[in-house]
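Take a look at the structures listed below.
Both complexes below contain chain A, partnered by chain B and then by chain C.
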Partner chain A sequence: MASNAAVPFWRAAGMTYITYSNICASMVRNCLKEPYKTEAISREKVHFSVSKWADGKPERPTVRTDQPE
Partner chain B sequence: MGVLPGHMATIAELKPGVLSMHEGSDVKKYFLSSGFALIHANSVADIIAVEAVPIDQIDASLVHKGLAEFTQKLSSATTDLEKAEAQIGIDVHSALYSAITG
Partner chain C sequence: MAMAALRREGRRFTPLISPNPIAAVRSSIMPAEEQVPLGVRSISTQIVRNRMKSVKSIQKITKAMKMVAASKLRAIQSKAENSRGLWQPFTALLGDTPSVEVKKDALHKLTAGPDKETKYVILGEKAKAQLIRDSKKDIVLNITELQKNPLNYSQVSVIADDILKNVEFDALRVVFNKFQSVVAYLPTVSTVLSPEVVEKECEAGGKLGDLDSYEVEGGETKSEILQNLAEFQFSCVMFNAVLENACSEQGARMSAMDSSSRNAGEMLDRLTLSYNRTRQASITTELIEIISGASALEG
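== the complex of A and B ==
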């Protein structure tokens, strides 16, 4: 039984807490002095590959990466 | 909120802002991008944040630029999501600004 308290504005706009928290972190990283900023930006880089499974077999993976090819 | 030994066990969600740790007369301040504070019954506190930076690593001119940029984005935002992102920008940069101006 949820209370009638107001939801946070980001949740009301359809954003999850993780999305909100990552956006906040990204903004803070962009406001740093050098050299801290370049270290922080490198922390933000992701590299992963996702495949959906259908009928017990993986389909073609999608790769999301910030690494230069 | 202030936490001293003997604080009630609490889980608190933290807004972007300053965490100051006092060890005797030594005070260390960090800016947290957002996160949680877990205070356990044995007076141990855990602070969880994605980014925690010492205040002197923050660049004032970038904060001003960001604040102006997101204030402008809020007025030109159309969808709920754009408005939420712009509002987050304003909240985070205002908190950064109060952190550097002490």
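== the complex of A and C ==
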């Protein structure tokens, strides 16, 4: 039962299940052979911009992207 | 007989024409043959022609936009329909229970009706423009530029992750347009409860009482599993919502562009009709003038 009480290692590292599963997914994608590999990796592109709001005003948006500009 | 009638018409017109000040001025400068006022001999068709040209080019543009929307829709529709399989198991397991009472709500996309304590996370520009008017105090996050790449799960899950980290909630309600057909989409609310609320409901034996009959395998406790599940459920629901919404948008755009190109077509028909009629009228007037002039010389 001692191991049950412990938090999983990835949660201890401050990840959520989503981040964890995404990392696992990209690992699996990297294990594919060409040409499936590039096709699968093209499906994990991330690009969006987030802006937090404080007191009814948007702050400067931060762009999160994995592509070079 | 007809000639006589024409002659009479011509005579009747002369006094009507001469008081025209422009014609009077012109008549003093111009030679005698051009004593007809401008409006009668050559009705300007320039304006109508320009109008027709612009309507025609607008129609071309809307047609092209419709084509673009249709092809985008086809790609995204299959994706959206496939992604429905992602959240359906969750609904079967945890249920979609909008009626569960919660204190803190976090809503995504646009929504109406004040709740106990509502915070908004907005994806895209449309909902932002609306919500900024009356509840900009409650907006926590705003995410834009989603559709630069084709929508994919990784991106949506990163967004979901961001939301989970930044917003405290008891229940997340995802508000989106569910795609029904090209012209119909239902505003839909999906609820994702936080693990604590799920557990509480489960113990209380309410709507989620069945959850106790599942056995938990492996070395994790139930609350851990529930937390993982809730997070994963949220990202799946978000993924589906984003796709359905994009699908509805393309559908709406396609039908709007379709009706506007049809509208432009109707307008073009009307303009063509009036253009031809004016042209015909000016030709007829000229003929009348020539014939009546000729017969006046004869008689």
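Methods note: the second predicted complex is superposed on the first by the 58 of 69 C-alpha atoms of A that agree within 3 Å, B and C clash if a C-alpha of one lies under 4 Å from a C-alpha of the other, contacts with A are read in each partner's own complex, and residues count from 1 in each chain.
In the analysis below, contacts are C-beta pairs under 8 Å (C-beta built on N, C-alpha and C of every residue); 3 or more make two chains touch, one makes a residue touch a chain.
Worth saying up front: this structure is predicted, and the values here are computed from it rather than measured.
Shared-chain residue A:Pro58: touches chain C; no touch with chain B.
Looking at the superposition, the partner that touches the larger set of chain A residues, chain B or chain C, turns out to be C. With both structures placed on the common chain, the touch criterion links A:Phe9 to chain B but leaves chain C unconnected. Within the superposed three-chain model, A:Phe48 lies in touch with chain C and out of touch with chain B [touch as defined at top]. Of the two partner chains placed around the shared chain by superposition, chain B is the only one that A:Leu32 touches, whereas chain C remains out of contact.
In the superposed model, A:Ala40 makes contact with chain B only, not with chain C. In the superposition on chain A, A:Ile23 makes contact with chain B only, while chain C stays out of contact range.
Shared interface residues of chain A, touching chain B in one complex and chain C in the other, are 21-22, 25.
Taken in their complex, chain B has these residues touching chain A: 16, 31, 33-35, 50-51, 53, 57-59, 62-63, 66, 80-81, 83-85, 87-89, 92-93, 96.
Contact residues on chain A toward chain C in their complex (touch as defined above): 3-5, 7-8, 16-19, 21-22, 25-26, 43-53, 55-58, 61, 63-64.
On chain A, the positions that touch chain B within their shared complex are 9-10, 12-15, 20-25, 27-33, 36-37, 40. Touching chain A in their complex are the following residues of chain C: 136-137, 139-146, 148-149, 152-155, 157-162, 164-166, 219-221, 224, 227-228, 231-232, 234-235.
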